[in-house]
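So that we are looking at the same thing, I have put the structure below in structure tokens.
Note that the chains take the letters A, B, C and D in the order they are written out, and that residue 1 is the start of every chain.
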Amino acid sequence: MDEIKDFKFGKAPKLSELIDAYGDAGFQATELSNAVELMKKMKKEKCTIFLAFTANMVASGLRGIFAQMVKEGWADAIITTGGSLDHDMIKAYDSYFLGSFSADDAKLHQEGVNRIGNILVPNDRYELLEEKLKPIFAELAKRSPVSPSEFAMEMGRNIKDENSFLHWAYEKKVPVFSPGITDSAIGLQTYFAKQKHKEFAIDVTKDMKGLADIVLNADKTAAIVLGGGISKHHTIGVNLLRGGLDYALYVSTSESYDGSLSGAPASEAISWGKISEEGKHVTVRADATLAFPLIWYAAQE
Amino acid sequence: MDEIKDFKFGKAPKLSELIDAYGDAGFQATELSNAVELMKKMKKEKCTIFLAFTANMVASGLRGIFAQMVKEGWADAIITTGGSLDHDMIKAYDSYFLGSFSADDAKLHQEGVNRIGNILVPNDRYELLEEKLKPIFAELAKRSPVSPSEFAMEMGRNIKDENSFLHWAYEKKVPVFSPGITDSAIGLQTYFAKQKHKEFAIDVTKDMKGLADIVLNADKTAAIVLGGGISKHHTIGVNLLRGGLDYALYVSTSESYDGSLSGAPASEAISWGKISEEGKHVTVRADATLAFPLIWYAAQE
Amino acid sequence: MDEIKDFKFGKAPKLSELIDAYGDAGFQATELSNAVELMKKMKKEKCTIFLAFTANMVASGLRGIFAQMVKEGWADAIITTGGSLDHDMIKAYDSYFLGSFSADDAKLHQEGVNRIGNILVPNDRYELLEEKLKPIFAELAKRSPVSPSEFAMEMGRNIKDENSFLHWAYEKKVPVFSPGITDSAIGLQTYFAKQKHKEFAIDVTKDMKGLADIVLNADKTAAIVLGGGISKHHTIGVNLLRGGLDYALYVSTSESYDGSLSGAPASEAISWGKISEEGKHVTVRADATLAFPLIWYAAQE
Amino acid sequence: MDEIKDFKFGKAPKLSELIDAYGDAGFQATELSNAVELMKKMKKEKCTIFLAFTANMVASGLRGIFAQMVKEGWADAIITTGGSLDHDMIKAYDSYFLGSFSADDAKLHQEGVNRIGNILVPNDRYELLEEKLKPIFAELAKRSPVSPSEFAMEMGRNIKDENSFLHWAYEKKVPVFSPGITDSAIGLQTYFAKQKHKEFAIDVTKDMKGLADIVLNADKTAAIVLGGGISKHHTIGVNLLRGGLDYALYVSTSESYDGSLSGAPASEAISWGKISEEGKHVTVRADATLAFPLIWYAAQE
């Protein structure tokens, strides 16, 4: 059995040294260290990797890591929400700001500022998005109906920003699946876009074959699932088609006692065949902005 | 100021007496009592009511309450996930079972049983769903592309079960919006259905106008939001179009520290204009299966 | 196997009917129903019952239920914090008030009002407590050193209030153990009391034998553990002496991922022998003000 | 306003670089960066620093950091539970092991192994503790009654281990307050020790003056509060005597909706005067084993 070892660096350790010490420390420190090992294994085993995350994470600095992951071949498919596409495009052109979790929201509203936890998004960012989406709707109306992944790819084609995951998804031909794409500012814009382009449609069934093919053609599959909701469920759900994931990393703040999918533990996915009985899985219980940069950078060392 | 009053029933109180005592007890007991008042107010003010919930709740006994709410005019629109449609249809024909949160999931998998918290769903229920969906795909392929709400309505037309919310949605012409409909067993079935009905498509943009019209034509709007994810976001997001909800009830187990929409407090929605600055809102922090029946039945008294 | 049954009351059910329906509904509704059954069993089996709770709950309306439990023979020993003694005595003389979770705390401070979640406690309540404690310190200084349970008993002797658990503990000779008694307003007052009564002392080791004797002489033991911290740990910890509890009910909002005792699941206690291997246990994940009145009143029916 | 900046290291950054990037990333990453700044400020302002933590953390690798903090003058007083003293002494002589959060607890019990989350403690460690405590009880019986801090100091005098916080507390004359000391293996041992040493007593009121004096003589006070329960409350509660803490860092996994002290936000403490109105405070929502090593080592750079 592995002993619990007390932290004992005389001065600040290197990141890799710190993660090694985490492995012997217990509780979530150990789980985080296990996550790093799992990430290394996914890569070594040449898994087809699904990367799932929620929109708020793209509003945060994690966006840069998602971009790097696509650029460096760490994601073979992305599964995310419409809001992620919104934030990724906006941030290619303008900034978000730091705020406070305990801000006065009525005052923010009067000032035209939207809050996401401790991140602030001025209203005009959505006017900017509207402008940037117009040529995209015009272009896509010609090939209607489009799938969400085609929509995302066209967005990526229009974005020139090294920190954009859509940009790199376009460059590297990594599909971005977004089964709930209209639940977003994009979705509200389709309401207006269809007044001009009556023929414009997004057929969500059109992505099912492409996604299924990735799963069915994979030798081994792995998922990096940050947060819950539709991104998580779609990622593990589609892996049913091949008898479950071989590797699954969850970084989650949700709990299982209410039976929600967001809080469902990896073991529950085994009952469904979404993770295989022999599948390796690690769950880190923490906010992804805190835990995932550690996991990601340590997995690179 | 209102005094905190100790519970002091000599014997088991009636439900309405208990809820009154909750109002004076503090913490979530008081919030639950506030929720009952808010529900009564929504109705008294003749609000257009949006009911949002997650799929796991339809797997639970809450399904019967959702059905009753639609039947009795307590929901003018439903916003939910594809999984909710799955469970509602399956349960019209066959049973789910009680299990344990700490079941052996590998063993369950070998036995062909899927777990959702402490609820068990045998695999053959999904074979049954496949059968029941076949005529629906065939019918809808003729009018393709369909919207998610059209898909849900056709399901409801085929369901004869007093406890089905889709049944009552069809009977009462209450639209069921499901922007992420393909993230579900239905979604996996579209993969197969399209092999037979190549023309079959679900255009998610097609529902935006109908949903927007409900919001824009409403005198006052209220939302009953159980759980998080896409159901929650779509409900509050669309109310942006009219300057925010007048009333919002959240029943939630999620937290705000990770900036997730699922855990975002009602006040955050005010910054966005998803709830109006003068909007009344109550949040009950509890599993909905425990809290919502109390709220619902007490609001009827 | 037990089927999941949808809620389907036409109108508001009686409490007992509602709890029956909870049993078939899944998730925490089912756990709450299981908790009612466990409570009935504890009583039927004539268990020695330990009741543990945290101080905030005494600030809430739960205080009245704790009093009733002692009065009606549902608690053979109470294990709680010093703050519980504070609140129980203060509320025998004056009121607490309802506030808001999102109050302006600096403003409250300026107004001399202390906040506990959505409960407000004016500062002068602690001046009142100081007055009420003076004769108690004077009396107990004569028999110094006293144990925490002797301190609590003397408080109970001085309180005439039907809703006070200390009052009933005195009347019914139910010991109140408070191993961390000085972490409280009482504790701060000992600092001043000792200036007058130099000999005054609270010997916490003096309670160990009395507590151990209750455990060792019991035929069967049961614990009702509301919340976490020292109250929870002391309750389950002392049951080590007899090979573990036969019945344990936890009502908790804490999680297990950080290895904390507050969030530790009942199964973890089995590894320690704090709950016996054959022990029955139920955990309800909810705020106790919401869940416990339901459990308590339903267990009386 | 500060912009949100995407992470964009080409390769693994140094710890200090990573923490800088956290500051611009939003959500808990930013709070963690704020925590590092607060720690530096506490030290720069020469605050009297209170360090509070729970017992499970001493079972984890954090024990080594607590030892280092005392050794290097980062803690002027420690406030913790009896279990922390247990684990610190045992680990000076023997090991704890890594396990799994989902272990089979009945099996562990049969094997004589106790579980704390994913940390395993063989039963014989407690026999070892019993042996090591015998001379301490014998020595302290001579000067009875002793305070909890005297008990802890005598333990520290007997421990020769560089990773023991009690060892360094003895060496550096840093008092260790433990108001609930008997809720622990030490407490159970007092039950047996008193059979031999009838006169042995622990007077918990005896520590109040020493603790109050530290608070009252301080120029500025700061608290580093890891976890909740009695350690947290005693630390902030005693700072009432001087009008509240100047600096407070909370690392917590608990929530506020149940009115518990463990989950109470820093702002609530302001209403009580436990943190001053002008006091600076930061809360990081995460397991301390994951977050605190980052904070600690980064604060040293």
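In this text, contacts are C-beta pairs under 8 Å (C-beta built on N, C-alpha and C of every residue); 3 or more make two chains touch, one makes a residue touch a chain.
As the structure is a prediction and not an experimental result, all values here were calculated from the model.
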Per the touch definition, the chains contacting both subunit C and subunit D are A, B
Residue numbers at the subunit A-subunit D interface: does the shared fraction exceed half, giving same, or fall under half, giving different? same
Based only on mean CA positions, could you tell me how far subunit A sits from subunit D in angstrom? 35
Distance between chain centroids, defined by C-alpha means - subunit A, subunit C (Å): 43
Return the residues of subunit C touching two or more other chains; collapse runs of consecutive numbers into ranges. 26-28, 56, 59-60, 116-119, 255, 257-259, 267, 285, 287, 289
What residues on subunit B touch subunit C, complex-wise? 1-9, 11-16, 18, 21-22, 24-32, 56, 59-65, 67-68, 91, 95-99, 102, 116-120, 162-163, 267, 284-287, 289-291, 293-294, 297-298, 300-301
In their shared complex, at which residues does subunit B touch subunit D? 26-28, 255, 257-259, 285
Across the complex, what residues on subunit A touch subunit B? 54-56, 59-60, 81, 83, 101, 103, 105-106, 108-110, 113-119, 145, 179-184, 187-188, 190-191, 194, 200-209, 212, 227-230, 233-234, 237-238, 240-241, 253-264, 267-273, 277, 287-289
